[in-house]
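In the two complexes below, subunit A is the common chain; its partner is subunit B in one and subunit C in the other.
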Partner chain A sequence: MTSPLTARRATRIHPGQGARARGLIPYLLIAPAALVLGVVFAYPVASLVKESVSSPGLMGGTEHGLQNFAAVLPDPLFHSAVLNNLRLFLAVPVLTVVAVLLATLLFERVRGWRFYRSIIFLPYVLAVPVVGIVFSYILQRNGLLNEVLRNLHLSALTRDWLGDSGLAIWSVWAVIVWQQLGFGVVLFLARLSSIDLSLYEAAELDGAGWWQQFLHITVPYLAPVIEFFVTLSLINMLSWVFNYVFVMTGGGPVRSTYVLELLIYQKAFRDGLPNLAAALSMLVLAFAVVLLSVQSVLRHRIERMEG
Partner chain B sequence: MRSTATGLVKQIPLVLVAVAILVPLYFLLVNSLKSNTDFIASPLGPPTHASLRAYQEAVAGRNVGLLFLNSTLIAVTSVAAATVLGALAAYPLAKMRFRGRELLFRLMLPLMVIPPIALLVPLYQVMSDFGLVDHRLSVILIYIGIMLPFTVYLLRNFFVSLPDDLIESAQLDGCGTFTVLWRVVLPLSVPALMTAAVVNFVFAWNELLIALVFLQSETSRTLVVGLTVFRSRYSLDVPVLMAGLTIATIPVLLVYLIGQRFLVRGLLAGSGK
Partner chain C sequence: MTDSERPMSGYSGPTMSRRQFLGASAALLGVAAAPGLLAACGGGGSTNAASDAGGELLVWYWGEQEAPGMKDFFEGAVDKYNQAGRDKAGDVRAVLQESDTLYTAFRTAAKAKKGPDVQYLWGGTQALEDVWMGNIAPLNDLLPQTWLDKVDKDARRETFWNGEQWGLPFYELNTAWAYNKKMFERANLDPENPPQQWDDFIAALTALKKSGVVPLGVGFKDAWLGGWLISYFGAQNFDSVDDALAPFRGDVEFSGEKYVGWLEPVKELIDRGFFNDDVLSLDLYQGEQLFEIQKAAITNSAQPQIVGFQRKLGTDTVGVMLSPAWGQGKLARFFPGASQVLTVTSFSPRKDRAAQFLQYLHEPAVMKAMYDASGAISPDTRFDLAWLNTDVDKQMAKLKPTLPSIWYQYYYPFPFERDGVTPGLQQLFQPQGSVKTAVDMMQQAIATWQREQPAQVDAYKKWTLLG
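Moving on to the complex of A and B:
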């Protein structure tokens, strides 16, 4: 932060420059980024708001009102899409718990930790289409997973993982977990690298076991990064899962794997109903704003509790 | 005795995760080296005659070279631009005092939440007004926009942690804002800059949706779009498809391996801790 003192010094150093011109510098530095953000976010969001409350009228012209929302909200496909996004939210606690445990094990430098650390992040850098196509071949009815199960004499467990309408979204769920796990592990491991090791030594002397140390030292120390990871992952499950569904199931079988993003894509680019797509987009934005607000309220409450 | 037992218990989850990660990758790699008959006979076994036949076929007759070039051009340009614009914007947000600073910075997080799909229809209108549909510039511009909130957020959080004394003494030596940024701030921020660049490159190289919608002709497509679109054509010869996927993966893998050592530190700075 620039102190008033620095500001005064700066005045002495650049006597030729007017205070007004100097005051403009931060804005000038921000301007190029702001321009791009304006084109890519501000204008489209403004246009979305407008389109979501407009629709082509019967007599030509444009009708304004909430008719797009009225059309979208009762749609069963919308309900199943919301439900699927909520199902994907369930991946977040799983990802978090598993990633924290794995990071803790790696931090303890168990045998082979370097090897594990180097491969655990690999899935995260692969393109979703690459991951999706590979898993399509693994999960299909005569795919690798079922063949392995049959060879292990577990034929009773074989399923049509992507072709069964009750299972498909959970298969997509598992692939997302597969790809995103490494990010959490790396993040938590980085945080642990700055922990004060004497905390563990003291706990050891007090006779605390592994679980007690994990719950009372490791987890509290990771708390701020866990919060960051949970927020980011929830956002991912809401706004960044299109590619998985598009590549692996295309929304099927029998429309059982639609998520909100795919529904927007369908309305905008297949059905030619951009106004409905805009209304749906507004709903997703509202959803995201609610998520962020809940997170910030929780954070304030926790901070107050901690004094 | 007890410690060996617990050591063994601790290996179990790691071994399971390692197997779960490596088997699909092995599946991808090993099948790209097989003949189609080999693949059908045993999708998991080693190739009877390992060959690069599938790679030759994946490249031959298709303009994989052109797709590769498109992906590279789009990824490199958008990452470079986003890093420069992001650093320029993040510096005043971190180290200068002006009206609206807090508000501007707080805008970055909500921008990261907006699903790109929601912006697609209006962006399509904007790009067709500019005459940029089916032009790589449209995708580059949108990628820069999507990268910027994260980049600004990460770099600002990193810049804040730099000591004010250094910047003040440079100013006392008569350095202007740009000189301070170029000579003092940026050289100290290499880990954060590398992190932003690696994360953004992985995003741009792997992105599907925007590239799919805006680049419709075969000559302007990216590699990932090409693979996704032509997937049905390869579906009778899985090894060729796997070879194509491997080719598309190598560049991100290289960038990740090079940037790996910065990634951890940089991401941690980005989380604001």
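Moving on to the complex of A and C:
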């Protein structure tokens, strides 16, 4: 017969075991989230990889290999789409600099700052298709913008903003900047609202001017948000511009506004080539992963700078 | 008792001799085979349909956008069909599709093998692409040949492939040019005799431009005009419809006067400033509106829309003309006949019922109802031309039997248009545009198509036209 004391001894957990059990708790806690991520992210990515290296062969069989990549990589339309995505990347520094400057001005409570803040943020809440349709009318050869220019006796500046193959992508670019600017401004304003104002007072006492305060207090303080905004915007320019292009130009004229997303959509849904679309999607994904890796490195550096 | 009549040992239920068993089996087989035999003897679609899956027969259709009134017609026709109990196995439900999702929604459904039993598709290769993907069932197994023969042969040719009929021509979408007779008069042109030859066409456009109007009002921002322009001008050096297929089969190069000669006349129209100045800013329908608001003298348009223009602006203002001839081939003067089709999906468990519904849509009373509601004409010999009630329709019906019929767009693969024809023509509208660049783009598009779509290249090799 076993005494109660012996029984308690028998079931007592060894101190080392307890530590191990405690060590498992975090994993158990994140398990549901990991499961959800696995279902909504890992599985689709795994399927995408599988689709990208397989294609229907003859007699209903399936071929495996890199033939889909070999088919899309030499396509001039693919080159054109990549080039246009890179052109849209140029919107990111413009967006960032203008948004930081505007946020700083609004933070200084210039007269009517609340009104300006609303006006700047308003485009961001509009649906992209609505913005696209409205601008496709405004930017017509005989549209509102050119009419205004003509009335101001600036006819020399009128252009076929969406019909000129050399201009169309830049017109789309400008609309994206116009709409996305509000998000950056609000993001930077939110960060600035937590800044210690005594830093500016101290800088003023030391004789620092507006520009020096901006450069040495505001910008370093905004650095983590700038890094986040830049990365997010780059990924947006890579994989979130379909709506603008689809509505405003459809990829034309002369294929001058094709972006990778539009190409993927056409291969998948118009040409009935889901495997080629998967190969293109893999390339976009790889690009996004590179961007995220760069962001990660930058974040570590900023964290080290912040001590 | 002989062996054959001996009860089976160990069986305690009602006994049956071998002779009785064989007799009963024969009777059962006879009952099971009866519908098939009846059908083979011409028992009709409803008997066939009895072997199909029951439940709702789903039809995804389109057409309201180009033949206004189609939705009312379709819903009314389906209601009558259901109320009359024409399909004993279940009702028909028709769902109007959006232009942008007509193909994407169907292909998604086809991939899941769950969706419509009857699918509307644009004609020619735009329907055959889905045939090549395995999404469509051949109609020859579902409709009697004698019945199919009553459908217009030119229209059937557009979706006849590999010896089988895949699409049932539903309504004609003949395309032509609408012109403003009053603007012609003001430019001292004969409003009742529009130009038929290229030189006369150029002279007329010059006179119209001189009179202060935009001669040609079109829109090319949404890319669709590319298919129209190549179809208006691109086949004029062909001697037969088969010439359209040859470059895609790999028989000939897409080059030389026969295939790319048409780009020079188009460039001439652009260089002479006959088009509106905002061609690349406007969508196809916005370009047509320039004609409707009487800012342009001529526009490209489909027959039902020209009828609409005529109703709005009057028969004394709107006339219809075919593309003027610049080419030297037997198809230099041609009838731009095209038709949209209804198909039976390969994954439908109700194929016979679907075919029965398609036959219903070609009954004379139903065809007349469709024409009255939407102006859409069934390409069917049972369609009585006496029903036509507009000048445009009568004029087109008169021209149709006198000319060879082709709508070029229906015979080339769509990626060729999207990646070659459209950008090639759009760059012609740019200040630095050149015919050579357009040709390069079209040849490049064919090369890309051949690389990416080997199955379609094989399909073209199997494509023999309906004779």
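Following the convention adopted for this analysis, the second predicted complex is superposed on the first by the 254 of 307 C-alpha atoms of A that agree within 3 Å, B and C clash if a C-alpha of one lies under 4 Å from a C-alpha of the other, contacts with A are read in each partner's own complex, and residues count from 1 in each chain.
Following the convention adopted for this analysis, contacts are C-beta pairs under 8 Å (C-beta built on N, C-alpha and C of every residue); 3 or more make two chains touch, one makes a residue touch a chain.
All figures in this text were calculated on a predicted structure; none of them were measured in a lab.
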item: Which superposed partner A:Gly163 touches (first subunit B, second subunit C, both, neither); value: second
item: Which superposed partner A:Leu197 touches (first subunit B, second subunit C, both, neither); value: neither
item: Which of subunit B and subunit C A:Leu77 touches, first, second, both or neither; value: second
item: First (subunit B), second (subunit C), both or neither touched by A:Met305; value: neither
item: Partner chain in contact with A:Val225 - subunit B first, subunit C second, else both or neither; value: first
item: Greater subunit A contact set [subunit C / subunit B]; value: B
item: Touching partner for A:Leu187 - first (subunit B), second (subunit C), both, neither; value: first
item: First, second, both or neither for A:Leu152, with subunit B first and subunit C second; value: neither
item: Touching partner for A:Phe269 - first (subunit B), second (subunit C), both, neither; value: both
item: Set intersection of subunit A contacts, subunit C complex versus subunit B complex; value: 143, 269
item: Partner subunit C, residues of subunit A touching it in the complex; value: 56, 71-72, 74-77, 136, 139-143, 160, 162-165, 249-255, 266, 269-273, 276
item: Subunit C residues within the subunit A interface of the complex; value: 103-104, 107-108, 129-130, 133, 220-223, 277-282, 414-415, 418-419, 422-423, 426-427, 429-430, 444, 448, 451-453, 455
item: Subunit B partner contacts - residues on subunit A that touch it in the complex; value: 1-3, 6-7, 9-10, 13-14, 23, 25-27, 29-30, 32-34, 36-37, 39-41, 43-45, 47-48, 51, 98, 101-102, 105-106, 108, 110-112, 115-116, 119-123, 125-131, 133-135, 137-138, 143-144, 147-148, 178, 181-182, 186-187, 189-191, 193, 210, 224-225, 228, 235, 238-240, 242-243, 246-247, 260-261, 264-265, 268-269, 274, 277-278, 281, 284-285, 288-289, 291-292
item: Subunit A-touching residues of subunit B, taken from the complex the two chains share; value: 6-7, 10-11, 13-14, 17-18, 20-22, 24-25, 27-28, 43-44, 85-86, 88-89, 91-93, 95-98, 101, 104, 109-123, 125-126, 141-142, 144-146, 148-149, 152, 164, 168, 171-172, 174, 176-177, 202, 205-206, 208-209, 213, 224, 227-228, 231, 238, 241-242, 245, 248-249, 252-253, 256, 260, 263-265, 267-268, 271-273
